[in-house]
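Here chain A shows up in two complexes: once beside chain B, once beside chain C.
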Partner chain A sequence: MSTDTPRGADLGPRRRILVVSAGLREPSSTRLLADRLSSAAVTSLSAQGIAADVEVVELREYAHDLADHLLTGFPNARLRPALDALGTADAVIAVTPIFNASYSGLFKTYFDLVEPDTLADRPVLLGATGGTGRHSLALEHALRPMFSYLHAVVVPTAVYAATEDWGVSGNGTGLVSRIDRAATELAALVATREPAAPADPFAGTASFEDLLRR
Partner chain B sequence: MASVLLLSGSPAEQSRTTAVLGVVAERLRAATHSAHVLRIRDVPAADLLAARTSTPAVAATVDAVRAADALVVGTPIYKAAYSGLLKAFLDVLPEKALAGKAVLPIATGGTLAHLLAVDYALRPVLTALRAPHVLPGFFVLDRTVHIGQTGRAELDQDTARGLDASVDAFVTALPVRPSLARAS
Partner chain C sequence: MQFGIFTVGDVTTDPTNGRTPSERERIKAMLAIAEKAEEVGLDVAAFGEHHNPPFVPSSPTTMLAHVAARTEKLVLSTATTLITTNDPVKIAEDFAMLQHVADGRVDLMLGRGNTGPVYPWFGKDIRDGIDLAIENYHLLHRLWTEDVVDWEGKHRTPLRGFTSTPRPLDGVPPFVWHGSIRSPEIAEQAAYYGDGFFANHIFWPKEHTEKMVNFYRQRFEHYGHGSADQAIVGLGGQVFMRKNSQDAVREFRPYFDNAPVYGHGPSLEEFSAETPLTVGSPQQVIDRTLGFREYVGDYQRQLFLMDHAGLPLKTVLEQLDLLGEEVVPVLRKEFAAVRPAHVPDAPTHAGLLAARETTEVTA
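Here is the complex of A and B:
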């Protein structure tokens, strides 16, 4: 084995963070929050010498496919990868707008269609957006119970961003520090786990040379 | 006589939720109220999921909610909560859409372990839509509902009795229309 490879972020297998965003408009504050959370998670992982890639599922783009699935009972070719991606991610960041004190119907429909054990033991960070902070407890009362049902390992800090939070700048204040805290918690969970699925199916296989030495 | 809209949040063509609502509708009609069952699956789901409120089918359904004096909201329990399809419909309703309307929640599920989903998941959403009176919900265990050839539901005795009690409580909460009140 080569020893001159620099030790650093690119040494171990790269991890995959899947972002599920249920924003309805473009641009959406839901996607904005999701991007902030995923980049904070990548930074936090990188500080621990772990490189990570981010993949985004914009549920809005799958409205038709989700509707088809509801009526036909199976995912079409376009939707299947968006559902399967949950099962191979090292971590999931799920963000929804809050409507009527809960997740959106689009968000719930996607997770309704997920097979029961897909998220089992998978680190998950929850985020939500709303016009005001009045419904921030929806994260704890609506989102968290559903992910508990799915046996996900949800980080203690969930992040709610109200419209007024976006105007606040500077480190250590409100939203920014909450995002960092949640991302650090997620990174800590990912760091203690084996990579979910190697991108290269043969990456974990020993070479013939190595096998002969056993 | 009150006009009651019964909303089914099941995406299934053959649905126990919808069949149970059919039984509730019969009971309401027997009590001289008008009752109309609306399956949300018949509204284009892609429009609901994308929150396109201006399409004719979505607008007509929203109007039906507006015109109703009271609602029965039925849902299967998925992932320990109401269905995403039901929520997609409730999301396109205008603010305070349930103000002034009595609401009876009904859920169907495979295990009694999910009974609390009615009170912990569905009720807060109905309250957020400003329903002033959400009656105690009724949870129907899947295996106590038998759907016959005609699509009509036969209920096991205990379920039928519990459902009757819920509907009775709901009927007492229905408004007497102002016109009738004036006439009497």
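Here is the complex of A and C:
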């Protein structure tokens, strides 16, 4: 740990950032954006004295498993850890290519299969990629409402990267500054929260006397 | 330990020849399969209840009464009886009636039903599913254990001075299993009453079943019905067998690939690895089934799904021959050899009657 972090890097437990990337090509610009966002988030957290690890779920690798889950009603052993990871993440960075003015079907499928309340009160940073900047508001009218529905806490800045953004200089209002602003917002949310703990599906079961009285 | 079969009662086109049985044909096939279960030495046959095509069994006690008349030892059960959309008064009467008709060879498994539109068809709302299961069963339990019932609840007309008829045979209500795939509340309910808990088990990974059964066992002990390993557990299973395991896989694959529940999804091999489905030789079925107790403990009832996805009657009857002749005798012996003495058998009418008489003598 570097010693020049303002409040000491070993305060509290390490946090986990889960990156969900729905890029389809390899290499993918969606993954490229996701990596920029996660590395900026780690830097921002570190500036607050919080160490963080990044875990990446590449949805492309689970495309068949996700379709199977839709049909069978349960995640297979390969997919289960990729879904469970959401429940124990301190923050989620979710990035999708924009297809037809919205998230990709693969991206939606993954979040459709998340158990209810998994994302409740969880800090989420949204990102999207596309060919031109004309699709950028899909983040606001497609992704943000879905995550609001899931009761996630979405940071105000969502980051869109069009092809041309990858060649723009880093200052001012360009991609780099948007990434940094969003990452700072995410880090601020994580810093105010207790470390995430997995939910126990049986813990909340009412006793039978309570069930009868209901 | 009891072994038997349970059936959903789906009318499904045979994918190998495009033939769809008529409702009559399917209903008659279900009856023939249940009779065959006794013939090959199985203990239990259970029918589902459905009110939407492509399923036919809307009236299980009618079918079970027929089977009762044509068998001598078989225990008649359901998988499941809808505790949510049926009037608990009618369940109390229908199954007490069946007890008398069948000389006590009756138990039942209660379930909620997961088809949304069925609820409004019966004047209910699926969002009340758990509440309906709790309230309706509480009434059903009282109707069977109290001769005159005054009752008022949220989901049904109040009852004043009501006696359901006939009274349970010998004053002993049918044993009740509660079935649920993923609702801890139902395991809690089964534990509270000291009733049985049946884990569907098929179509789901075993981890799921393991968690539900363990929760039920702990709560059974909590409510003072005995130690956790004395709780009454039933499991489903799904198998297809031929002497040679490659033949089983080859024959079953088209049925698997087009099955209503999981068809067009994972491969037969993937689904067999993920769920208790076993397609292979009788020995493979024996080995897999013996493994179930490693994650649910010693249990009382094993039911197999043998007749869905459009399998023709002839094939199903051959499957029952293999199950009765080659698989179940070995399972009986092997399970009995490892089972501790303090673990009870599956409750039967005779057993419950004897237990009550013992209690009355000692009281």
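The working rule: the second predicted complex is superposed on the first by the 186 of 214 C-alpha atoms of A that agree within 3 Å, B and C clash if a C-alpha of one lies under 4 Å from a C-alpha of the other, contacts with A are read in each partner's own complex, and residues count from 1 in each chain.
The working rule: a contact is a pair of C-beta atoms (placed from the backbone, for glycine too) under 8 Å apart; a residue touches a chain by one contact, two chains touch by 3 or more.
Keep in mind that what you see is a predicted model, and the values were worked out from it rather than measured.
Asker: So in the superposed three-chain picture, is A:Phe111 touching just chain B, just chain C, both, or none of them (first/second/both/neither)?
Answerer: A:Phe111 sits against chain B, while chain C stays out of touch.
Asker: After the superposition on A, what does A:Asn76 contact: first (chain B), second (chain C), both or neither?
Answerer: A:Asn76: touches chain C, not chain B.
Asker: Let me test your reading of the model: by the given contact rule, A:Tyr160 touches which partner, first (chain B), second (chain C), both or neither?
Answerer: Neither partner.
Asker: Pick one for A:Ser102: touches chain B only (first), chain C only (second), both, or neither.
Answerer: first
Asker: So, does A:Ala67 touch the first partner chain B, the second partner chain C, both, or neither?
Answerer: both
Asker: Compare chain B and chain C by how many residues of chain A each one touches, and report the one with more.
Answerer: Looking at chain B versus chain C, the one contacting more residues of chain A is B.
Asker: If you lay the two complexes on top of each other, which residues of chain A touch chain B in one and chain C in the other?
Answerer: 67, 70-71
Asker: Applying the document's contact rule, which stretches of chain A touch chain B when the two form their complex?
Answerer: 24, 60, 63-64, 66-67, 70-71, 99-112, 114, 135, 141-142, 145-146, 148-150
Asker: Using the touch rule from the top, collect the residues of chain C that touch chain A in their complex.
Answerer: Contact set of chain C toward chain A: 130-131, 134-135, 138, 184-185, 188-189, 191-192, 203-205, 208, 211, 215, 223, 261-266, 270-271, 273-274.
Asker: Per the contact definition, I'd like the list of chain A residues that touch chain C in the complex.
Answerer: Chain A reaches chain C through residues 67-68, 70-74, 76-77, 201-202, 205-208, 211-212, 214.
Asker: In their complex, what parts of chain B are in touch with chain A?
Answerer: For chain B paired with chain A, touching residues are 11, 41, 44-46, 48-51, 78-91, 120-121, 124-125, 127-129.
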